[in-house]
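Here you go, one structure.
As written, the chain order gives the labels A, B, C and D, with residue 1 at the start of each chain.
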Amino acid sequence: MPNLGVIISLLIIFGGLAWLLFRSLTGREVKRRVIFVFIFVAVAAPILFPITFEEHATPVVRDLFDRIETLPRGSRVLISFDYDPAMAPEVQPMANAISFHCLTRGHKVVCMCLWATGQTLLSNTINDVILPEFPNIIDGVDYVNIGYKAGNEGVLNVIVSDFKKMFPTDVNGVPLDSVPIFDEINSCADFDLIVALGGGRPGPKEWVLFVGDPADVPVGVGVAAVVAPQLYPYYPRQIIGILGGIKGAAEYESELAHRHEQFADMDKPGLNMMGPQTLAHITIMAFIVIGNIAFFTGRRRKDR
Amino acid sequence: MNRSTYIVAAVVVLLFALSWVLHTLAMSGEADGVTRAFMVTMAAFLTLAIYSFLYKDNAFYKLAEHLYVGVSAAYWMCQGFWSTIVGNLIPRLSEGASNFFQQPYQASSWNVAYWIPVILGIMLLMRLTKNYGWMSRWPLALIVGTTAGLNFVRYLRSDFIVQVSSTFVPLLGDKELHPWLGFGAFVSNLDLSATGQLAALATNWVVFLGVICGIVYFFFSKEHTGVFGRASRVGIWILMITFGASFGYTVMGRISLLVGRITFLFRDWLGLIS
Amino acid sequence: MKHKLMIGVLFVLFGMSSLWAQTEPVEADSAVVDSTELYPAPVSHLRATDKPNDHGHAIVVEWETSADDGGGKNNVVLYQVFRSMSFDGPFDSVGTAPAGEGRFEDIGSKDRSSSSFIPDDTDLFYQIDAVTADPAIRTPSDILDPVQSSGQWFNTGRVPVLVAVLIFGLLTGIFVTSAKRGRELYVRPIGGIEAVDDAIGRATEMGRPILYVLGLGTAADVATIASFTILSRVAKRVAEYQTELIVPTYDPIVMSVAQEVVKSSYFDAGRPEDYKEECVFFVTQSQFAYVAAVNGIMLREFPATNVYMGKFYAESLLLAETGSLAGSIQISGTDEIAQIPFFIVACDYTLIGEELYAASAYLGREPKLLGSLKAQDWAKAAVVVLAIVGLVAANFGWLEFPTLFRVID
Amino acid sequence: MRRQIPFALVFIFGIFMVFQYFVPHETSEWAYEFLLDWIIVIGIFALALGIWSLFKVSVEKIKLGKEGAKYSYLTLVGLYLMVAFGFTQQTGGSLGFGYFVWIVLCSACIVALMRLRAVSDSGAKRMWGMVSLVTLVAAVLVAIFDDAWAFFLYTPEGLQNSMFRTFFDYVMMPILATMFSLLAFYIASAAYRAFRARNVLASLLLIAALLVMSRFNPFIPGAEYVAKASNWLMNVPNLAAQRAIVIGIGLGIVATALKVILGIERGYMGKG
């Protein structure tokens, strides 16, 4: 049933666009209201009938995906949730997908945050993804939440050489010395991968400068779209992969769904958000093209 | 008003009532169900009223617009009164006034100074009188003078000195981020992602020349001819490319806003999606 | 290889430190262990000074790190700083510095009632402990001679700004006086401003009003101040042509100023009797309610020309698109960089950033205003020259040059 | 004299703020904080000026019977409602039925008063006068006898009034968000209308926008290069242009501020 809706709405949009294109060949302009209707349909249809486009992971995204995919089972991955609810629509899908991916591959995941606001979002990921999807994993053995520590970059400066000095216990008050994951972890250098999620300060950039570079640990990042361009200069030498905005999240989800069947049935907020975005962008671009065709044919007519 | 107007109005009122009833039924058992059902319907109705403006200006848009103007003006007035006047000013004016408004009095020997803005504020209100309107210029002078002084040094520092000093970049390669790897590497890695040697160098050059040409475009007291004119031409090109790019970049955020509103309509009001 | 070696060394070190950390049960035997073995060497060359360039209430403490920090027994993990009002104590902990660090800024509150209040002009005594992983094992330093904090009357870190203020003031002074003496100053034509007069003429022909939007700025925003000057010119023309003017405002103070501006323009045009105070009115201090109202005006009054000058945020495109829907000629100008693209796309003429300020000088044609425009151009020329010099400096390793521009807050 | 004093004040306060920037001493800091506090307080008084103007314009519209005058009733009622909510609060478990009766009566009273001003014929005047009187008396009676809620004129309980918050959440926020989301439509129509390859400048605008928007087009080949190129555009030329504009704007602001302090620019005082 939703498929029918998808087909009908796509037919409406693309059929309409083709008709407008044909009309514009005679130099006629499109009325503004027509554009409004198209934009509404392009955004509303994918919300009603989720349309997912085949997203192909770009190398920046795939590099991070492949790293998590190819790390041997039991590798230790640190995920830091450094963002607030305002950034969550973009970053939370990445957090969910990456946590899921790490646990599916059997990595041991340590979650923490440098932002006080990250704690709720961190527990959201644990409650929405980790616990329901992996009923058999054990807190402390397969994953651990060590919570929030105030101090921003100062925290990073300490954990780069001594983790337990800054985080003596996990979020439930269990001493890290008795948490099995931490048996072989003393500092950040003992992690096989660090994933920094965020977009503000402290955020991915600080993780690279204060931890990734000095401790020589690979860092992958997931950030809000507005800050993504600022991180590209660090790729691929200092950052192994970047997920930028909802698009990066969608690419990751699509890659994940491709390789791991279990994920294919899960909620994919990033990909869902991409439906309206993609359709609306295509529609706007199509209108720009149509406008130019109408403009040039109209001008040629006038010249004649 | 013709007949069709009445018919449309009647249909809208009916739909509104229907939505109210249905939502009330759906929320039955909850506290304030009737009020909440009304308000959800109201919110959806107002949302659609604003969207109807896209078709053309109409009675429903006018309704929403005028209501919004009145409500928002009053909202800011209440907030301003309670937080600034009662919250910050009264506790410093006098102990009697603080007690009257049940605010803790913040004693300080300089509290007398807080009578000055009160007097200036009253002078501002003198605009409403015919003969003492000139008084309103005094508080205005205070505000404009203070912010002008503030802007003068702050902008000189942040928009001038800091920006100028950040154009001092090495054009022959950055030793930290992109060390010179030899000519072979330079030619072979023509990547735009700022990892290639060429891209790193091009970045610095484009930024440097872009800034210079952009500044040249903003020269007002010299005719834009010759080399100067060409530089200013390049300057406006770079500005235009940037404007186009940021326009394109913003589309995503705007679509997200629309997604939010449509989700509200479909989920919270119509219950079409979960 | 080098890394592996380092990691190996680190492992050994961490192993050792964790051994110490786990020796709690052994502590009973600590009397057996020679205590001097465990205690680190104290810090040396301790000195404290008033923090410079501040409002007081802050002391900088510096020391040379303990011999056992990064060498020797290598067991110092942090330094704890203590302060007291008297030599005999009690000493309160005011903060810590990580191992390897030889400096601590003790910044207190200026608020007398705050717990972190540090009084000015009062003797303060400092002491530093070198602390090991076991907080109980630590070595205090000697107590330092008393030091006093105080506020300064000049912030030397801001000298570059002072120099810039003086140079800019001087430039403005020179060009304003020379302009006053009657020196002709050229100003390049600014597209949007030339269009204003035509647009007013068009409105007159069509018998439709002119809508002037001052944006969301306050009366103190420079963009709004520039906009007032343009408004006064527009209002004067409007009065001469006897067209209608509509000025909805967002800020009440802006409203009262705009009323004043329009009133005196009508007066200057010799038509004070035509001035109606209702043409400048307040809408609401809520961004989108204001937009909703102005959009309504556009589609009800169908102004021939819309002028947007001042500070604009997300509403820029909402206004400009509705205006173009109403078929108005649109002239815009803002210094809000993020909104310039939308105005450029949707309006017929747009003043980009600084052009808005220049427009007010250009319109006024007053020598004094033009003089300061010339001073701005000279400052821009200085930017270009400095950028080139700075570039040369950066490429040839002359590192002192950029430091001339460093402002320390 | 009346004209000169304000400019003298501008000069004094402007110069003071410039000096203040270089003086870190507590005294200067203290004066700075005082001045900023003052400006906030004066702004609140100004808001009263604005509300008065809004009120006057609405009443004027009604009085003159201008087109759309009937909507001005709504503005006034909305204004009144929100103020009423801001100064009342429940005293028991809920606001109760009487509160809504009171609200309706007061709104009716306002409408009647406005009608009273708008109509000219004496019979109608008498009728609206009666209506406003009756509703006013009824409203006062309800206010006196209903114990479920009360006025709070000295303490900010009104801000916690459930109706105050409901109006914010269900009237102000939906309209705000919807107005904001209109941008999605307008950004499309603006792009359609303006992005025409008319000349070099327009073409550059068009190409850059298309390139950046192509990030979201899965049908365009070489997605990876498109993503890189758009990132480069946002990173490099964007940085250059922003910096050029910022330097220009910074100098413009500095120059205008200086002109204002020195009294060269006087347009903002109404004598251009």
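Keep in mind that, in the parts below, contacts are C-beta pairs under 8 Å (C-beta built on N, C-alpha and C of every residue); 3 or more make two chains touch, one makes a residue touch a chain.
Bear in mind the structure is a predicted one, so any value in this text is a computation, not a measurement.
Participant: Counting C-beta pairs in contact, which chain pair has more, A-B or A-C?
Facilitator: Taking the two pairs in turn, the one with more contacts turns out to be A-B.
Participant: Centre-to-centre on C-alpha atoms, which chain is most distant from subunit C?
Facilitator: A
Participant: Any idea how many Å lie between the Cα centroids of subunit A and subunit B?
Facilitator: 26
Participant: Centroid of subunit A to centroid of subunit C, CA atoms only: how many Å?
Facilitator: 32
Participant: Nearest whole angstrom, what separates the Cα centre of subunit C from the Cα centre of subunit D?
Facilitator: The mean C-alpha positions of subunit C and subunit D differ by 24 Å.
Participant: Let me have the rounded angstrom distance from the C-alpha centre of subunit B over to the C-alpha centre of subunit D, please.
Facilitator: Their C-alpha centroids are separated by 11 Å.
Participant: Provide the list of subunit C residues touching at least two other chains, using ranges where the numbers run on.
Facilitator: Residues 158, 161, 165, 168, 218-219, 222, 225, 253, 256-257, 283-286, 288-289, 292, 300, 340, 342, 344-345, 352-354, 358, 373, 376, 379-380, 383 of subunit C touch two or more partner chains.
Participant: Which subunit B residues touch at least two other chains?
Facilitator: 50, 53-54, 62, 64-65, 68-70, 72-73, 75-76, 124, 127, 140, 143-144, 146-148, 151-153, 156, 160, 164, 167, 193-194, 208, 211, 215, 218, 239-240, 242-244, 246-247, 250-252, 255, 258 - these are the residues of subunit B that touch more than one other chain.
Participant: Where does subunit D touch two or more other chains at once, residue-wise?
Facilitator: Subunit D, residues with two or more chain partners: 18, 21-22, 43, 46-51, 54, 68, 172, 175, 179-180, 182-185, 187, 189, 191, 193, 195, 205-206, 209-210, 213, 216, 228, 231-232, 234-235, 242, 245-249, 251, 253-254, 256-258, 260, 268-269.
Participant: Report the topology of the inter-chain touch graph, choosing from line, ring, star, complete and other.
Facilitator: complete
Participant: Provide the residue numbers of subunit C that touch subunit B in the complex, in ascending order.
Facilitator: 158, 160-161, 164-165, 168, 185-188, 190, 218-222, 225, 253, 256-257, 283-286, 288-289, 292-293, 295-296, 299-300, 338, 340-342, 344-345, 352-355, 358, 362, 370, 373-374, 376-377, 379-381, 383-384, 386-387, 390-391, 393-395, 401-402, 405-407
Participant: Across the complex, what residues on subunit B touch subunit A?
Facilitator: Residue list for subunit B touching subunit A: 54-55, 177, 193-195, 200, 251-252, 255-256, 258-259, 262-263, 266, 272-273.
Participant: Could you list, by residue number, the parts of subunit B that touch subunit D in their complex?
Facilitator: 32, 35, 39-40, 42-44, 46-47, 50-51, 53-54, 62-89, 100-102, 110, 113-114, 116-118, 120-122, 124-125, 127-128, 134, 137-156, 158-160, 163-164, 166-167, 191-194, 199, 202-203, 206-211, 213-215, 217-218, 235-252, 254-255, 257-258, 260-261, 264
Participant: Please output the residues of subunit C touching subunit A within their complex, sorted ascending.
Facilitator: 3, 7, 10-11, 14, 17-18, 22, 77, 98, 133, 325
Participant: Sort out for me which residues of subunit A touch subunit C in the complex.
Facilitator: 32, 157-158, 161-162, 165, 177, 186-187, 189, 216
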